[in-house]
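Okay, so subunit A shows up in both of these, paired with subunit B first and subunit C after.
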Partner chain A sequence: MKNNTKKNIENKFEFIQLDEILKDEKFEGEAIGFFKDAMIRFRKNKASVTSFVIISFLVFMAIFGPMMNEYGFKEQNLKLTLMPARIPIIEKMGVFDGTKVMNISKDNIEGKYKGAVLQVIKEYKVKDREMATVKVDMYKYKEVKDKYFWFGTDSLGRDQWTRLWRGTRISLIISVIAMSVNIVIGVVYGAISGYYGGLVDLGMQRFIEVLNGIPFLVVIILFVLYYGPGIIPIALALCLTGWIGMSRMIRAQFYKYKGMEYVLASRTLGATDRTLIFRHILPNAFGIIITMSALAIPGAIFQESFLAYIGLGIQAPEPSIGVLLAEGQLVLLEYPHLTIFPALVISILMISFNLLGNGLRDAFDPTLRGQE
Partner chain B sequence: MKRYLALLLAIILIASVLAGCGGKEVAPETEIEVEEVDETKEEPAEKGPTVYRIAGSKTATLNPHIYETTAESDTMLFIFGNLLKLIYDEDIDSYKFIGDHAEGVPTKNEEGTVWTFKLKEGLKWEDGDPLNANDYEYSYKMLLDPKLKNMRGPQVFDADVVVVNAKKYWDGECAWEDVGIKALDDYTLEITIGFPVPEMDFYLGFTNGGASSPVQEKIYEAGMNEDRTETNYGTSMETTPSSGPYKFEEWIRDQNKIYVRNEYSPIAEIYTVDRIESRVVEDANTRVQLFENNDIDSVVLSGANYDKYSEDPRLVFSKTTGVWSMFVNMTSETKPFLRDVNFRKALFYGMDRKAIAEDIYKTAVPAPYVVSTAKIAAPSKGLAYRDTDIGKNILPENNGYDLELAKEYFDKAYESYGKKMELEIQYFDNSENMKRTAEFLEQEYENAFGSDRLDVVLRGVPWQNAYDNMENGNYDCGFGSWSGGEFNPWSSMEVYTQGFTSKIDQFGNDEFDKLFERTVRGDLIFKEGERLQALAEMEEMLLDAVPFVPMYEPQITSIFADRVHLITKGKYVPGIGFATLQSEYDPLD
Partner chain C sequence: MFRYTAQRLTLLVITLFMIISVSFFVLHSMPGSFITDPKMPKDVKKAIEDKYHLNEPMIVQYGYFLKDFSKFDFGLSIAIQPKVPVNQILATKVPVSMQLNIFSLLLSLPIAIVFGIWAALKKNKLPDHIISIMIIAFIAIPSFVFASLLQYFIAFKLGWFPIVVSTEKVLTWNKFKSIILPILALSFGSIAGVARYTRAELCEALNSEYMLLAKAKGLTQVQATTRHAMRNSFIPLANIIIPMFTGILGGSLVIEKIFSIPGMGSVMLDGINAKDYPVAMGVLFWYSLLGLLTILIVDLSYGIIDPRIRIGGRK
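Moving on to the complex of A and B:
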């Protein structure tokens, strides 16, 4: 029986490869590093890629937009104030064609508005005076048919297109400065606090709690009031407490990594604290830093706009998106063009940065590594 | 006595400026001013009550001794009576004083220092209690009470009319018996003043609802706290008894007020309006929308809202007493070029006032002068100072805009300073129009004088801080304005004298101070011609030294609904406004 079985087996199985030497298969393709892997995942996220393109476009416009026409951002023309938007080609479709609906005295249709009235919408009477609601070609009325203010003009006759892109530039500058300072402070603070732990950590964290306990708006408003609302003071005001979130993230990373074997090994080999912090542990937090930065920018832009809205905006005549919005909303019903364009830009900017940040977060998330 | 030499200034401008929010912290009042005083019209009221609907601002207190805002004083015009009342008289198309609680205007002794009011008999408070001269005496005693230290107290001694010993009593240095306010009997009130003043100035101290209105003793005392340092008078409907032509039917704090006729008022009958409905709406855009929905009958228009109605025949314009100016720190330690009068003159002549007034403020008037067109210099004739020959003669040509001259002055200033000048202009950070003005001036000055020689920088400052900076001399240039009484341009000059406590300019001239004293308290009071001449001299001194560069005079633009038929035909009458409560109204649908 026993023999039988063995025989049977021997019969059923054949030895192959007895003449061959077995080797590991060679890797096809290259090794994928951390960033490369992240890049692959980022590229697969369509929303993030689109956002990235949009942001690049807006940054491009912020740099070159103000140069695209002949008007300067503070070049005033009191004769051409509050002109409606007029864009070549699109104007033929009946929008952004430089017209405005006005209530005027009927005599003036043939008088001071002669030739500029395109359409009489309604006629009515107020206290014995004949009035009419008419659509006026403002560019013709002001005799500047050759001019195009793509986004219209503001109350001092300054070109809104130029001001909007200049404002975008300033908003971006403020947010980038605020973000960079926040990262530097946050990383250093969080790293020290997390790496050393113990009493140092205790002290530093309590300090953060105290700082966080002061109402953030009050601190910012006082700061801006004291130093005056320039680019740097506003950016710094946003840094007063803005770094706290970042420092906490970094601290958590340090707690996670500082007990790991490779750190112990490095320390055993005599690495200094500084080397350990910046060379060995911090790089693990790069993903978080990048993600946090992308998410911090819209926050800073929003806060800057908020400050402008409550009257602590950047110093005149310099525009920022917030300043333009604050000016625009005052005349929203009569001159919507002053609000619409900055509102569009800030909305797109915020959404894009948020989507980009989300995409980056997913891309850098190690738990998603290798997944679709 | 009724004089608003307070920093109310900001308000008017901001009213004419802000189309939206942003300005709320500046002042609860902002606009109005329009629905001022009223009466004199008899009107049969068969068709139901005549209702006038307005939007106003919040009121904190209606205690006439401590009120602060325009919204509060507007309410007081309705519900508080006084000895006299200023009304519109259709026959002369101007203002007129009539007796309210008094039988008529007071009589005076030969020296003009003792004035006697005769009160009407049978006057009553809202609840039917009698109102007489003793109520007036009590009210003044409380107004001047050294313990209460009412904010409006100084109106009795630190004003055009100075009541004898009032200041001493206020400081606690003498007894009430020594003060020059006495009820001789129930119907006679005697006022003794320190020096004689023109009738107009005296009357104004006792006209219309306000600080000099009587308070009802039993309610005033009942609301007093234990230390007698505060009373809750005027903080609710129950504690605000009417002595004027209207009384409260409803007052829901921060929401609305409804006034109806007070049948006990001796002058109630001369009003056409039976019922006033006022609701609290702080935002100017919301007010305009209420007006468009036909929920209120009048509204102040500014900015874009004005543009929308610029050709509407219903627009009316009211004058203001302030001239907005750019103050220059003429004693600056840090920037010596500001001390150079040539530099300041360059700023004066380099300013395109017309553009600022017409293109930025739209309804303002360019003003290269100090005394506003609203100020009346000959009350008997109702003649404004700016309409007199003397007042016209000192006006520079072309609204004081002369670029060539400005450059000449600037060259001189630049030569003596020798290097690039940096000039900082501060503006109120909540006023869009002021910001625009600053931006406009930056461009104008830099273009005119060369940006290689002059660098203008702008700084937005909250308006309270802006005035503080100016008081402390901690600024280069900044905008500001003083408002004052319409009928006494001389006493308004006090703000430029060296002794003035909240002085915002750095001008100091002994001769000016002397002239001021003479015209307000001295020998020139009754010499109409010389007094006028002195006013012109004072104005000229200011224009010569340029402690500030006058810019424009705001006008408040209002629109009234179709159902309102203004008795003044839309003309602005000094001291009265448009007499809305004397006007006729179509019934509401």
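Moving on to the complex of A and C:
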């Protein structure tokens, strides 16, 4: 049939301009697709690019940090517990030089701490006992002047540097698992609910309402208590209600696009529901999915630390940022270095991921810029 | 409106019932017993457990629970404060948490709104940039990190405030001084949240056409802003303040732990950890009820605050 028509046309019609050259200008430059367009906008946003670099650095440290010195994350050294931080090179500037300010009895300056006292800050009396506030070189006192614990050691003498980066690694793994599961469930749930609409949608939305009504904290606590504090149970506990936000976004996208002409056209041509959902409508939501995943990670890190604080952290001896913070909190007033380093890492991580997420949102959907 | 409220209330009761039932079965199927003394003879242990019906099939226990629950009676505590009614324990703990949250709300709202307005009026100028950076930092950094830092630097190093909360029952000056730090730690997050929201809403209102009209009829910038833009931008604000309250209630769990405040959070954790079922169920019930009521109030308030939003789907 087709060939016939073609032949007929070839036979009966004749092009009149075949020899003329069309005078249109040639397109210069490449075509810019959706992702390329977003990348251009993303690169202009200095804050997000910086945060991307910082995140890459932290991920690099989370992978290779624990291998950078000779100590293992569960290697205990009960002789060298709670050592202050000591970093080569920087120690010459007077910070992180392995010293600690202590209140000791004056006799001990010449007795117990002989040779290790660097400086007497002030002397005072408590009920006839002569006391002194002194700066002690803990590494000299313990006779390990050749050792460097970069971020100090914890109450079991484990190297804090190794534990911190290993903890970062575990927190990141937990949050990435939680994030991916949330995205998958959220996308599938939202797609079905939004695409089919009607009774299906009503039922699925009521289910979400019930689930959302349950205080999330309660569910997570019960879940972790029941399945035990491993990486997977904690990650899954964060997924129990975490996917709801994602599914709502995707559902809204489906409501927006499913009535459009191009979908109707495709359906008229006989496209199945699956093709329509995954090939025609879902790609519109890619920007949202990527943005949401960047913003979901800090949320998961926060919740993991939160669980660690209330005693549901990952099982010892494995560290996570939350576990380190919770352990540090116990000895905060005496040994602040155990809290400050994890607090710094978690703060930088959270701020960077938030900025990255905001940058991605602006890049994928410029109409939202400046809002919220 | 009435029909919608009634519908929602029924749904709330059903949801609450489901939550409580699920928590009941989960709690009771956890291994272990509330008796931690390993030296206790087996028959004594069994006798005590029998007294609380703990050795009967779970469905029978559930029946007993429902019978008491219908009267809002959660029974006596069995491990944390033996033989004290759960409701009495909660009555001493809930006000402590509430106090903290109300103060935090009172502190954060005015600050947040002022910051938000300031940032919106000076959009894309220096104050806006500074406030935006602050907002990002406050939203991103968890409240317990703030709590630790405040406790170390302000309470311990500078000695301005006590390190832990004083145990006085009534609100004296000493007590107030000791809860300032936890309140601060709780407030940073909500200050940032509300400020960001206010800024966004006000920015939008300032660019709207009714502002142009207001200025066209002769109002100054200040008059137009206070009389028109601010009023409109505050409408949606109510909807984030109410959930913020319960949000803080959950978030204060860790803060309560850090500053050793005897509030609801510690009771819940102790109750679950010590297998003190009555106490755990009681706290879970109140937490769930508060959470559900908040959602309901938010949904209903949409219609009251802004009459343009019709509730109940009737068009």
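Criterion: the second predicted complex is superposed on the first by the 343 of 372 C-alpha atoms of A that agree within 3 Å, B and C clash if a C-alpha of one lies under 4 Å from a C-alpha of the other, contacts with A are read in each partner's own complex, and residues count from 1 in each chain.
The definition used in the following text is that a residue touches a chain if its C-beta (ideal position, glycine included) is under 8 Å from a C-beta of that chain, and two chains touch if they have at least 3 such contacts.
If you're wondering where the values come from, they're calculated on a predicted model, not measured in any experiment.
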For this session: After lining both complexes up on subunit A, report clash or fit for subunit B versus subunit C.
Result: clash
Exercise. Given the touch rule stated above, what does A:Gln329 touch, subunit B (first), subunit C (second), both, or neither?
Worked result: both
Exercise. For A:Lys127, is the partner it touches subunit B (first), subunit C (second), both, or none of the two (neither)?
Worked result: first
For this session: Figure out whether A:Leu225 sits in contact with subunit B (first) or subunit C (second), or with both, or with neither.
Result: both
For this session: Classify the contacts of A:Asp24 with the two partner chains as first (subunit B alone), second (subunit C alone), both, or neither.
Result: neither
For this session: Return first, second, both or neither, reflecting whether A:Gly311 touches subunit B, subunit C, both chains, or no partner chain.
Result: both
Exercise. Between subunit B (first) and subunit C (second), which does A:Asn212 come into contact with in this model arrangement: first, second, both, or neither?
Worked result: second
For this session: Based on the superposed arrangement, let me know which partner A:Glu70 touches: subunit B (first), subunit C (second), both, or neither?
Result: neither
For this session: Determine, under the contact definition given at the top, whether A:Ile351 touches first (subunit B), second (subunit C), both, or neither.
Result: second
Problem set entry | subunit C region in steric overlap with subunit B, selected from 40-48, 148-156 or 184-192 | 40-48
Exercise. Looking at subunit A, which of its residues have contacts with both subunit B and subunit C?
Worked result: 225, 310-311, 329, 332-333
Problem set entry | Of all residues in subunit B, those that touch subunit A in their complex | 18-20, 22, 285, 303-305, 307-309, 311-314, 355, 359-360, 427, 429-430, 432, 435-436, 438-440, 442-443, 457-460, 462, 465, 562
Problem set entry | Residues of subunit A touching subunit B in the complex | 74-76, 78-79, 81-82, 102-105, 108, 126-129, 131, 155-156, 225, 228-229, 310-313, 315-317, 326-327, 329-335
Seminar exercise, completed: The residues of subunit A that touch subunit C in their complex are 209-210, 212-218, 221-222, 225-226, 298, 302, 305-306, 309-311, 325, 328-329, 332-333, 336, 339, 343, 346-347, 350-351, 353-355, 370-372
Exercise. Mind pulling up the subunit C residues that touch subunit A in the complex?
Worked result: 11-12, 15-16, 18-19, 22-23, 26-27, 29-30, 136-137, 139-142, 144-145, 148-149, 151-152, 156, 163, 196-197, 200, 203-204, 250, 253-254, 257-258, 265, 268-269, 272-273, 284, 287-288, 291-292, 295
